[in-house]
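Encoded as structure tokens, here's the structure I'll be asking about.
Naming follows writing order (A, B, C and D), and every chain is counted from residue 1.
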Amino acid sequence: MERKRLNIGLIGVGRIGKVHAEHLRYRIPRANLAAISDVNLAAAQECAARLGVARVEADHHALLNDPAIDAVVICSPTDMHATMIEEAANAGKQIFCEKPIARTLGEIDQALDAVAKAGVALQIGFNRRFDPNFARVRKAILAGEVGEPHLLHIISRDPGPPPIEYVRVSGGMFLDMTIHDFDMARFLIGDEVEEVYAAGAVRVDPAIGEAGDLDTALVTLKFKSGVLCVIDNSRKAVYGYDQRVELLGSAGGAAVSNNHPNTAVISDATCVHRDLPLNFFMDRYLESFLVEVAAFVDAVLDGTPTPVTGVDGRAAVALGIAALRSHKENRPVRLEEVK
Amino acid sequence: MERKRLNIGLIGVGRIGKVHAEHLRYRIPRANLAAISDVNLAAAQECAARLGVARVEADHHALLNDPAIDAVVICSPTDMHATMIEEAANAGKQIFCEKPIARTLGEIDQALDAVAKAGVALQIGFNRRFDPNFARVRKAILAGEVGEPHLLHIISRDPGPPPIEYVRVSGGMFLDMTIHDFDMARFLIGDEVEEVYAAGAVRVDPAIGEAGDLDTALVTLKFKSGVLCVIDNSRKAVYGYDQRVELLGSAGGAAVSNNHPNTAVISDATCVHRDLPLNFFMDRYLESFLVEVAAFVDAVLDGTPTPVTGVDGRAAVALGIAALRSHKENRPVRLEEVK
Amino acid sequence: MERKRLNIGLIGVGRIGKVHAEHLRYRIPRANLAAISDVNLAAAQECAARLGVARVEADHHALLNDPAIDAVVICSPTDMHATMIEEAANAGKQIFCEKPIARTLGEIDQALDAVAKAGVALQIGFNRRFDPNFARVRKAILAGEVGEPHLLHIISRDPGPPPIEYVRVSGGMFLDMTIHDFDMARFLIGDEVEEVYAAGAVRVDPAIGEAGDLDTALVTLKFKSGVLCVIDNSRKAVYGYDQRVELLGSAGGAAVSNNHPNTAVISDATCVHRDLPLNFFMDRYLESFLVEVAAFVDAVLDGTPTPVTGVDGRAAVALGIAALRSHKENRPVRLEEVK
Amino acid sequence: MERKRLNIGLIGVGRIGKVHAEHLRYRIPRANLAAISDVNLAAAQECAARLGVARVEADHHALLNDPAIDAVVICSPTDMHATMIEEAANAGKQIFCEKPIARTLGEIDQALDAVAKAGVALQIGFNRRFDPNFARVRKAILAGEVGEPHLLHIISRDPGPPPIEYVRVSGGMFLDMTIHDFDMARFLIGDEVEEVYAAGAVRVDPAIGEAGDLDTALVTLKFKSGVLCVIDNSRKAVYGYDQRVELLGSAGGAAVSNNHPNTAVISDATCVHRDLPLNFFMDRYLESFLVEVAAFVDAVLDGTPTPVTGVDGRAAVALGIAALRSHKENRPVRLEEVK
């Protein structure tokens, strides 16, 4: 067990930050969680104490200035991502950052420029790529099990809408929720989108519409290769978190279903039934949060490319911006319009 | 068994005509298959002999002029449907006609006018409404099992494209194939479409593109009530005929899967597998062809409305025309444009 | 359509007799339903009139004495099967007979002797062999998909117990209900049973126990080849007719599930559910009743062996007798004990 | 986080010992893994170093003599379980012990006597009770979802037989493998078995038979309450680890299926297929090993009964002994015979 470990500083111990911290501490043998920072120092201290992490800071610059820190995992609020990426790149740190990089392409490009100049690794937290179900579909495409892709469906529905206060500052459903699906589409097809048409509606809660957002949408993507894709989003599926994809290729189809807490099927005098799927992302995707960070650690230590790059992070945001414009102007929008 | 039976004349004994003939003869107790006509007299005679039907004609007018015939089932080629509906209406016959009524709204309106003037019943052969899977989804909506509809997916893929000669005269995929799905969308949601956006592609066979048609499409429908629907079409799913729908409503979701020839699941050292779904419409929808005609016979004898009207037949064609225009002009098309 | 058809006399128009009559008349092109007999002449007349069968008799001997009748389909009460088989064989008729042949091996042997002497064909009505699900499992074994069989489960449960009057004269659950499963075990494995152990219980209704019968059982079979099999019977599965098998072989496993009226799956805020399986044998096995008689007609006309022989009919009864003895004496019973 | 933690000494760091050690260290907040012992001191040291456990011993008595140790987790070879339980009880330690307690009832009774005298807690490692699938079936029974139990099936098949050297010292399939299923049957039904009938065979590998053991079996259990149960065992299911139960009750049925690595279903021109189930117990039951030990820790700290008692451990062994006798003498064996 003498091989080199990656010394990591974690920035931000909100919900997802805590998950990454625990994984880095206990379940990723090649990682050493060296320090934790949060503007809420007490929160950082509590987390560090529980995990036995020695160093705690309120200011993340302390981590960036520490030469013993090899890499940072950025879990701060979205509006700080781009700046922190730039700072970390300038400090020569390897970078894992939660999605989205930013909500404007200008901020993103500035951050990616800094990363390119510094020559550091950058991975964006599109964890769903590391989910066994979706990874299996990608593998089916790569292995030729389904031939050349023709049509892709992505179903992505939350169990319920976020608080209306959150909706107001979320950047809109396309950037807040669909962004994961844009990345999934690009990941599965392995190609770039040329044109977007978004049909949105307010079906779940009028208050969401009053806040200027949507809660229901069908987004059609045309890929450069000619593949057609539709993303189906809803802020509310009463039966729980609904996360599926389905692909038709020239040689076959691949589809995944939801994950359930158990496989028990009960038949009574009324119907045949089973328990609802896992309810939300912390249950459904817990394992993928571990695998993505382990993959980042491996990539950095082994000098291989990170599996989700800054380009991926930028592309998903561009698609979100295009979808929003398409919805507002009710017309197909070509991606070059939002460059 | 003394109750009145409906005396029926069948016009056209091609593939679907033969199916209707057999059902009318043996499996619909309230129907009496009194006569068969086909311009190909030998074909009509062969069919009549096999089923023990006494009267055979080359000219369908003989049936229309026979006062003993109560109703006609029109299974002629598409380009004769509208004229025959008009003639049958003028002759006072009750009418069951295969889809589509015609390929232009002008022809359809003329036929429907004649039906209205004559006050006869008209049912269009959208058999899928009578399939137990789709009927169950409709029932779920009507019974409030899934609440108010929000999002509908219709997957409708053929096992393989028709011959290229057929493609050339088919009227295009939207009128030839998607027309069933347009009707399914209207049937399930119980509302009219306001706007159509069609993204089409040639993915299966370049020869289809050279013939001026598509083989792959995603069609987005916006209903007046705000429901969003996407129809997924492909001319080729190598695993067989793929016919599914999936609905998300405010109180739940409903989804159907394909029908398989058996339920056997085999697990070997490689994978867990089962046989492919039923391959094409004659296997998959056989029962629905029986149920739709039985429903027509019941409606006429009982004096109740036919379950699929001329308005339904017209609406599906209007949607096909709108989809084609949307695809050609790459923009959403409102239904009032094609009125 | 000039090829020879088999002229058939149907004996007994109870529930299953009516089903066979309709199939023979309409859905088996190589059969000609020439005559119908029933001691209840009015019932025979009603059935014949509905199907357009010219000849009706109260006494089945009239059919046996008619040289124009090639074959008989015996659907009389069980206690007349053996005698009628013998008579029909002596009259040189080909024979299809409902199960069981009789409830004692002595009667069966006498009937089979007559059949052998006359050199006529005999097929016993074990219709489940012709069900697509079970046929697929048999095919998997024959095709080597699962290797050499090791373990077989047969689940066979009725939706509810028959009337207690029926229970009293039924011959007991093993001869009345399990007999189908004994045949299924022999059919799937393609081998003879050496030893039977039956564990029975009264769990559904004490009245069944008071009538001297069981309503719940696990029957273990040891085949000569060493395959182990367990049959699970219950007179009452509240969710409907439960008819499944599952096989483990050296190279894989094969399992079938129940047939449902539709494939719709509904997810609401409570659970994921679907409609109950088809409720009882007339729905579940309707198609197999057609296929078995068509196979009989083919075998006779083509001079090939019938697919379910008198030996098969005898073996199932012998297993029922062995099971009953095993249950009563609470010990494994070897088949040679009941020869 | 100031609440009391349970100080635990782990005895034996073989495969399952390592799993428990990791869970105790990282994933059970109320446990403190204070010390590790193994006769192979180097193995204990390696494990302790990796997990940051300060104390390591070759001799487990050092742990038993340490007043700071509250409880022991015994993962030594089977033939040492009973002695160690006795020693630990005499030392006043709370005890978690892997199954089986011993292979003779005499040894077990002596160990349980010591536990009773000492008044300490004892939990046996029947981890499958803590699996979400089986726990859901138990919950269905307790909640009355399926009414009163009638029939239970337990399917329990390994992906492949153990090495023949292991088979020779395993105590036989009934005590080595079926013991888990005996416990599962008692757990699900919540009742004691009255009689056992075991039909065994050698189907997988003749070498297993030559070693005096079986590789294939059907074991019928009659519970005191009248419930019938069959256990299906095979040492080799080529498609992987097959672990299912199915229950029929007076008001419904409950069945679980296997766990798969992903939910992807792939349809190609040949069949519809998915990946094989999780292959063996470390994958399939990993979570249950965590939950069982966490439950032990909770029970001890909260002063509540452990969820799997010494009585449970004894009963499973008694059933194994009865099954072996039944198989050898080919007759049903009542449980009182093996008391």
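Here is the rule we use: contacts are C-beta pairs under 8 Å (C-beta built on N, C-alpha and C of every residue); 3 or more make two chains touch, one makes a residue touch a chain.
Fair warning: this is a prediction, and the values are worked out from it, not measured in the lab.
Matching CA atoms, the turn from chain A to chain C amounts to 180°, rounded to the nearest 5. At the chain B-chain D interface, residue numbers used by both copies make up over half of all numbers present, so the two copies contact each other through mostly the same positions. Spacing of chain B relative to chain D, judged by their CA centroids, is 58 angstrom.
Chain geometry summary: the mean Cα position of chain B and that of chain C are 39 Å apart. Per-chain CA centroids place chain C at a distance of 43 Å from chain D. The set of chain D residues that touch two or more partner chains comprises 237-239, 251-253, 267-269, 275. Chain C contributes residues 1, 26-27, 49-50, 132-133, 135-137, 140, 145-146, 251-259, 261-269, 275 to its touches with chain B in the complex.
By the touch criterion stated above, chain A contacts chain B in their complex at residues 147-148, 150-151, 153, 157, 197, 199, 201-204, 216-218, 220, 222, 226-230, 232, 234, 236-239, 242, 248, 250-253, 330-332.
Of all the residues in chain C, the ones that touch chain A in their complex are 237-240, 260, 267-277.
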